[in-house]
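Before I ask anything, here is the structure I am working with.
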Amino acid sequence: MSEPIEVTQRESGVFRISLRTATIMLAFTLVFTALMAGTYKATAPMVAASTLAEKLRLIGEVLPAATYDNDLMADAITLPPQASLGLDEETRLWRARKAGAPVALVLEAAAPDGYSGRIGLIVAIGADGKLIAVRVTAHKETPGLGDYINPKKDRNKARPWITQFSNLGFDTVPREKWRVKKDGGRFDQMSGATISARAVTNASGRALAWTLENRDKLFALPANSRFEARSTP
Amino acid sequence: MIEALLVMALGAVLLGAALGYAAVRFRVEGDPLVEKIDAILPQTQCGQCGFPGCKPYATAIAKGEAEINQCPPGGEEGIHKLADLLGREFKPLSAEHGIEKPKSVAIIDEQACIGCTLCIQACPVDAIVGAAKQMHTVVAAQCTGCELCVAPCPVDCIRMEAIQETVDTWKWKYPVIKLRQAA
Amino acid sequence: MSIYKDIAWNGLWKQNSILAQVLGLCPLLAVSTSLVNAVSLGLATILVMMLSNFAISALRALIPYEIRIPVFVLIIAALVTVVDLAFNAFLHDMYLVLGIFIPLIVTNCIVLARVEAFAAKNGLRASTLDGLMMGVGFVWVIALLGAVRELVGQGTLFSGIEMIVPTWSMIQVLPESYPGFLIAMLPPGAFFVLGLLIAGRNWLDARANQRLREQRLHDQPPAATTAVA
Amino acid sequence: MTSYLFIVLGAVLVNNVVFVRILGLCPFMGVSKKLETALGMGAATTFVLTMACGASFVIDRWLLIPNHLEYLRTLSFIVTIAAIVQLTELVIQKTSPLLHQVLGIYLPLITTNCAVLGIPLLNVSLRHNFLESLLFGFGSAVGFTLALILFAGIRERLEAADVPIHFRGTAIAMITAGLMSLAFMGFAGLDKYK
Amino acid sequence: MNNSPYSLKPASVQSVMLRVLCALLPGIAAYVWFFGAAILVQIALASVTALAAEAVMLRLRGKPLLMFLSDGSALVTAWLIALTFPSIAPWWLTVLGTLLAIMVAKHLYGGLGQNPFNPAMVAFALMIVAYPQLMSQWPAVGATDFAMQINAIFGTRQLDAMTMATPLDALRTVLRDPEQRAAIGGLLGSNATFGNIGGKGWEWVAAGYLAGGLWLIQQRIITWHMPAAFLATLFAVAGVFTLIDSTQFAPPLFHLLTGGAMLGAFFIVTDPVSGCTTPRGKLIFAAGVALLTWIIRSFGAYPDGIAFAVLLMNIAAPLIDMYTQPPVFGHKQKEGEPR
Amino acid sequence: MIAKLFKFKGGVKPDSHKDVSAAAPIRVAPLPSHLIIPLRQSARAMARCLVQPGQTVLKGEMIAAAEGPLCTAVHAPTSGTVRAIAPQPVPHPSGLPAPSIIIDPDGLERWIERRPFDYRCVPAQETRNYLRDCGVVGLGGAGFPSHVKLGPGEKGIETLILNGAECEPWITCDDRLMRERADGILAGASIMRHIAGARRILVGIEDNKPQAIASMRAAVQRLGEADIEVVAVPTRYPAGGEKQLIRVLTGIEIPFGKLGTHFGVQCFNVGSAHAVFRAIAHGEPLISRVLTLSGNMAHPGNFEALIGTPIRELLPLAEPRTDTDRYLMGGPMMGVALLSLDTPVIKGTNCILAGSPALFPPPPPEMPCIRCGECAKVCPAELQPFELYWFSRARIFGKAQEYSLFDCIECGCCSYVCPSRIPLVDYFRFAKGEIWAREKEKAAADIARERYELRLAREEREKAEKAAKLAA
C-alpha cells in the first residue's frame, strides 16, 4: 500500500490530492462496477432461467405436471396487489388447462400474521373448487417450533402437517370450520405453536374463498392481461 | 451497463475527492498512544520484552506488532492496565519473556570491585557512581533492578538483593481466605 | 517455509477469527443451526476470503492510504456479487445449497479485517494462503458449533444433507423420543455454545503456557547464578 | 404518528439489532469492556447509522431504482457507508479533538459493523419511506447502544467476579450475551401490536 | 491471626437463607391445600438436583464443599424454581431447569453472590422458551389426586383431565381474539376459573406468600423498598389501563394476586445478589420489573412476564446502581454549610 | 446553647463492657525496669535523635527533636541512662521493628526544671511551637500533632470540640480522666480556645457515662467561662469518630481530604486537652498517659503509665487470666493485635485488651458477599462497602477509588455486621496500601524514565562529538 500523503504537500496540494484520490477511486469503481455489471449482464439470462425453474419446481409441488398440458408460463395473468390474499405487490397467477379445459389456478398468497411475520404461500386450486395443495414459500417461524409448516422440516415425514388441506373444499369443510381445532375448526395444530398453524390455515381459507369468487373471470381473461377486481360501485 | 458505470462513477468521484480533500485538510500528527503505553510500563529498561527498552516496546504495542504480555517487571498488574487501555483481552505473562520476580536492587561488593566501569556503561539509568579505577557504588534509590550490570562485571562482584520491608514501606497484605480449613 | 506454517497455524488456531479475534460473529451465530448449514456457509466463506485477499494483495500498490477502506469494501462487495451471480448461473445446483449463504459473507467483518491487517501488507502467495487458512479456521469452528447446536436442539446430525447429496440422509443420533432443546437452536443457545468453545480454547492455551512456564523455571535457575553463566 | 413511535421502540427493544436480529455482534463483544468506550461506540454508531440510512435511501430511490440498478445496491451502500465513516472520522478529528479522543478509535471500527449495512438493506426490504428509514436507523442504533452499555455495565462488574479461570473474558461474556438475548425474548410478540 | 474488628455480630448467610425458606412455607401450605401434594415432590426434586449440581460444580472449581452446600442458597433457588414451574411438569423439566440454573447461571459466574442473573428466573425463562406447552400445563383446582399427579410427573402420558388454563392463560386467549374480547368482563367475573380476584386457589397461595414476605421484612432480611415499589407500580399501571379500557385490560387486583406477582414481589425481585442495592436503585429496579411484567402479560407472547421482566432488569441493575449511588458522608452539601 | 443534636447515619451497638474497668480510680503504674521510646511517635514523621548511648538524661528532657511540619519532640519519661538506640518492636500491625531509644531508669525521677508557659503574653505561633517541643500529640489514638491542629487554617476556628465520647467497647480511660481530672481538662480546653481563637467549646460525651457528664458539668460551673457546653450524645459506635462527633454536635459533615479547620471546627480528645494543660500550666512535656487494662483480666482498671513502658511489665497490674491468647492495643473494633509483649506504651495507647477465644472467637471462614446491604446500612461514612470490597478483592483499585475508598474511616462497623463474615476492613486497608504503593512506584518509574532519557541524550551527544572529532 502506498504511504500516507507527505506533509509537505499539505498546503500546496489540497486540490491536486483531491483530484488524485478522486481519480483513483473512479478507476477502481469503474473497473469493479464494470466487472460486476458485466457478470450481471452475462448471467442475467441464466439467472432468469433458474429463477423460473425454481418457480416451476414450486408449482410442481402443488400441482402435478401430469394434470395439465398447457404452458403455464405462457398462460398467466398479472395480479395487482390483493389485500384479501395478503399480497401487497404484483404477482403472477398461472392457469392450468388440459385439452383446453380449465384444470386449476396456481397463485401466491401470504399470511401476514405468522409468529414472526409474513408467511408466503403458493396455492393450487382446482377448477372444481377444491384446494389441490398449498406450500410455504417463505417464512420466519421459529426453527424447531413453528417451522413444521414447511414439510421438509416437519418431523412427521409420512403425512406432513401442511398436506392436510389437500383436496378439500368448502363442500367438505364448511367455510366456518376452515380453522384450527383450537379455534373450533377442523384442522390440527401443533400444540405450542398454534399461531403458525392458525396463520397458514386462515390464509389458505381466504385464498380458497377469493379464488372461488373470481374463478370464472380468472380463467376467462386473456393470457398476460391484468386482473382488475370488480370495481365497487 | 452504461447507467451503472455512470452512477457509480458519479459517486466515486464525489467520494474520492471528498476523502482526499478531508485527508489533507483534517490531518493531525503524532501518536499519543505510545506515550500512554509508555506511562504504564515500569521503566526498568531491562529489555526482557525483546525490545531495547520500554519506549521501543511501547511503540511496538501501539503499532500492533507486539503482544501486551511481554514485560515481566510490569507483571500481571501491568498487563491488566495495558489490556484496559487498549481494550484488549488480558493474557497471562508470556513465559517466553520471563517470570515475575520480587523487586530488588544491585549491590556491589566494594572489596572486590576493581573499578573497571563496565557496570557504569551498562546501567541504563546511571544509578552507579564511581570513576575509573575507583570502587563503585549503586545508588539504591535510583536502581531499577534491571540486572543489566550483573553480567558485564568481570569479577562477579555485583549481586541482586531483594528489597526488605520496613515500617514505612509495609503494606497490608491481601486478606487470606481460609476456605480449605473450613472444608 | 516456516512463514507459511505460521500463517496456517495463525488461521487455524492462534489468531483464529472466532476463538481468538472474536470477529465474524453475525453469520456464525445466525447460520449455525445445523451442521450442514454451517459447513455450507464455511465453504462459501473460504472462497470469498481467498479471492478478496488475493485481489487486494495484487492491487495493494495502487491503493492510496486515504481511501483504502472504501476501495477494499468496494472490491470485496463486487467480488462477492460476482461469485454469487456466477454460482447462480453456472453452478446452479451448488447455488441452491451454497448460494443463499454467499451474500451473508459480505456481512462477515473478518473479511475486511483480514484484508486490512494482512493482504494490504503482504505478498500474493502469503495473502491467499492467509485467506484460505483464516477461512478454514472459521469452518471448523462453525462446523463444531453447528453440530453441537443441531445435536442438542433436535438430536440429529446432517439434517438437510439430502439437499446436497440426495442419496444420503440425516443421522438420528439421539432417540426419536428426545424432546429436543429449542434453546440450542435459538440465539441464546448459539451464544452459550460459543462461550463453551472459547472456554475450551482458553483451557488448552493455558495448559500450553503452563508447560512452557514450568520448563522456563526448570531451565533458568535463580538470578544470581545466571549472572555467573 | 404513533406508527413512527412504534418503529423506533420496535427497533430499540422488540427487534433489538444485537439480540434479535443478530447484527453488529463483533463490536458488541469487542468494545463493551468499559462503560466509557461503550458509550463512545454507541454514539458514533448512532450518528453513522442514521446518516447511512438517509444516504442509502436517497441513493436507492433516486439513482438505483429509476435506472433499474437494484443489483448495485449492496455495492453502492457499502461504499457510501465506508466513505461516511471515514469522513466523519477526519472531520471530528480536526474540529473537535476532545470528541475525537472519546470516539476516535471506534470510528474506523464502524465500517466492519455489519448492522451498518444490514439496517439500510432492511429499510429497502421493509419499504420504509425516507422518514421511516431515518427513524428505523436511529432506533436500531439506539438499540445497539442500549445493548452495548447494558452489557458494559455487567462486564465491568463481572471483571471482579470469581469466574472460573477458563471462562474469564470473552467466554463468560458470550454466556452473558446469551442470557441477555434470552431476557430480550420476553419481548416476543410485542411487535404485533402496531 | 485476624485483624480488627475482633468481635462480630452473630449472623450468617445460612441463617438468612433458612429464614427465606421458612417464609415460603405458608404459601407452600396453601399450594398443597388447593392443588395437591405434587408441589412437594417438585420441591424435593429441585432441592436434590440443586445440591447435587452445586456439589459437582464446587468440586470442579476446587472449593470447599461443606461450607457452600450448607449455606442454603441453592435450596432457595431450588424452591423458587419448583414454585414457579407447573407442579405437574414432568420430572426432567424441573431437573434440567435446576441444573442449568445452578451450573450455568450461578457457578459459571463464580457461585454464590457473583451471578448477575437470577438463577431461578434463568431456569424458568429457558424452560418456557424451550418447552412452552409443558410449561403451561397447570393443575386444576381441587385436582389433588396424588397418584394421578405422580403419574403426570414421572409417567410419560400427559393428563389433560387435570390441567387447566391458568387465569393468565385464559385471559390472554380472550384478549387475543377480537371476537371474544367483549366477553372479558364476564370471564373475569366467572368464579370457576377466576375465583374471587386472582384465580381460584391462587389468591390463597398469594396470601401465603404475602404473609411470609411481611415476616421477612420484620426479620430485616429484606427491606420494604422492593415489594412496595413492585406492587404499587403493578397496581398503578394496571389501574390506569383498566380505567382506559376495561374490555382490553385486566384489573389491578387480578394482576397482584395472580401468577407469580406475590412470590415475585417478596422473594424474587428481592434477590439481593442479582438486583439493585442502592435505596433508589431498589425502587427503580422493582418498579421496572412491575412495568415490564405488566407489558409482557398484556401484550407479549408469554403468559407470565415476571421471569423475563426480572432478567431484563437484572441486565440493567449494574447501571442503575452506578447512577444511583447515594452521596457519601460529607460530599452531599455545599462546603461549610451546615445542613 | 445547642439547639438540637444532629444524627449521623449508620453505626452499631456492640456490648460496651465498660463497667468492668470504669469503677476503680486511676492508679499510677510503677516504674518499669527499662523504657523503650520509639522515635516515631506521631503519625507520619520520625523525630531526630538528640542523645547517645551512655548519656544520662533527666525526666522530661528532650531526647529527640521535631523535624518537619508534622513532627513533635520526644522526651525522657524518667531520669536514667540511655542504654542504646536500636530497632525495637513497635505497636504497628506489621510487627516490624523501628528505631527507638532505650533508657535504663535510675529510679530517682529527677525532673528537668519545670516552668509554666505564659501563653497569654506571646503570639499563638509561639505557643504552638512550645506545644510541639513538649511533644503534645492527640491522645485519641491517631497521634496527630496537636499544635498543627490548633493552627488557624483558612477560616479560623469557631468551635472547639472536646471528644469524650469514648465509643469503643471496654475502654474507659477518658471516662475516668473526665471524672477525676475534669478541671485540668477544661483548663486545657480553655488554653486551646485561646490559641485557636475559637468562640465556643463543646464537650461531647456518650450518654452511657453519666458520672463523667456530671463531673464535667460541675467543672464547667467551677471554671465559670462562657460558651462551654457539655453535651450528652447518643451511645452508638463510632460516635467518637471525629467526623461523626462533629456531625452530631454541629451538623457539619467533613468530607475526605478536608480538615476540620476548613469548616471552622476542630476536635480534640479530652486527654489531649489535659496534656496541653500540663504542658502550659506545669511545664511538663507529654511523658505519661492514662490507659485502660481490661478484657480477660482479673482486675481490670485504669493506670497512668510512662510512655515507653513495655506492655509486659504493665500486665501484672491487672492480672490477665490464664486462657488469654492475645493482647490488643486499642479497642476490639479498631485495635491492633500485639505481636510482641516487649512493645512499649506510646502516646496513642489508650487501652491494652486481653483476649481469649471465648471473648473474641476466631472469625468463621469468609463466605462470598451476597450483597445483602447490611454493611451499607451501618457504614457511618455512608459508603457502599460491598462495592468497595467487590473491587478491592479483585484488585481493581481504580474502581474502588471511584466508590470513594479513601472516605472509609476503617471503623469496622461493616465487618462487624457482615453475615458472610468478610473482613471487609482488611480488604480496604489492603487496597489503600496498594494504591499508595502504586503511586510511589509510578513516581519512581517517572524518575527512571527521565534518567534513561537523559542518558540516551548524552550518549547521542557523545557519539555526535566523537563523529565530529573523527571528521575533523
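We just call them A, B, C, D, E and F in the order they show up, numbering each chain from 1.
FYI, a residue touches a chain if its C-beta (ideal position, glycine included) is under 8 Å from a C-beta of that chain, and two chains touch if they have at least 3 such contacts.
Remember, it's a predicted structure, so these values are computed and weren't measured experimentally.
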item	value
Closest chain to global C-alpha mean, per-chain Cα centroids	D
A-C against C-D, pair bridged by the larger set of C-beta contacts	C-D
Distance from the mean Cα position of subunit E to that of subunit A, given in whole angstrom	45
Separation of subunit A from subunit B, taking each centre as the mean of its C-alpha atoms, in whole Å	63
CA centroid of subunit A to CA centroid of subunit D, Å	30
Length of the line joining the C-alpha centres of subunit C and subunit E, rounded to whole Å	41
Shared-contact residues (touching 2 or more other chains) in subunit C	64, 66-67, 70, 74, 78, 81, 180, 182-183, 186, 188, 192, 206
Overlap residues in subunit F, where contacts from two or more other chains coincide	93, 364-365, 368, 423, 426, 429
Subunit E: positions in contact with at least two other chains	64, 67, 104, 110-111, 114, 126, 129, 131, 301
Subunit A residues touching subunit D - in the complex, by the definition given at the top	29, 32-33, 36-37, 40, 113
Residue ranges of subunit C in contact with subunit B within the complex	64, 66-67, 70, 206, 209, 212-213, 215-217, 223-224, 227-228
Subunit C-facing residues of subunit D, complex	19-20, 22-26, 29-30, 71, 74-75, 78-79, 81-83, 85-86, 108, 111-114, 117-118, 165-175, 177-179, 181-182, 185
Subunit A residues touching subunit B - in the complex, by the definition given at the top	4-5, 7, 9-10, 13-14, 17-26, 28-30, 33-34, 36-38, 41
Of all residues in subunit D, those that touch subunit F in their complex	156-157, 159-162
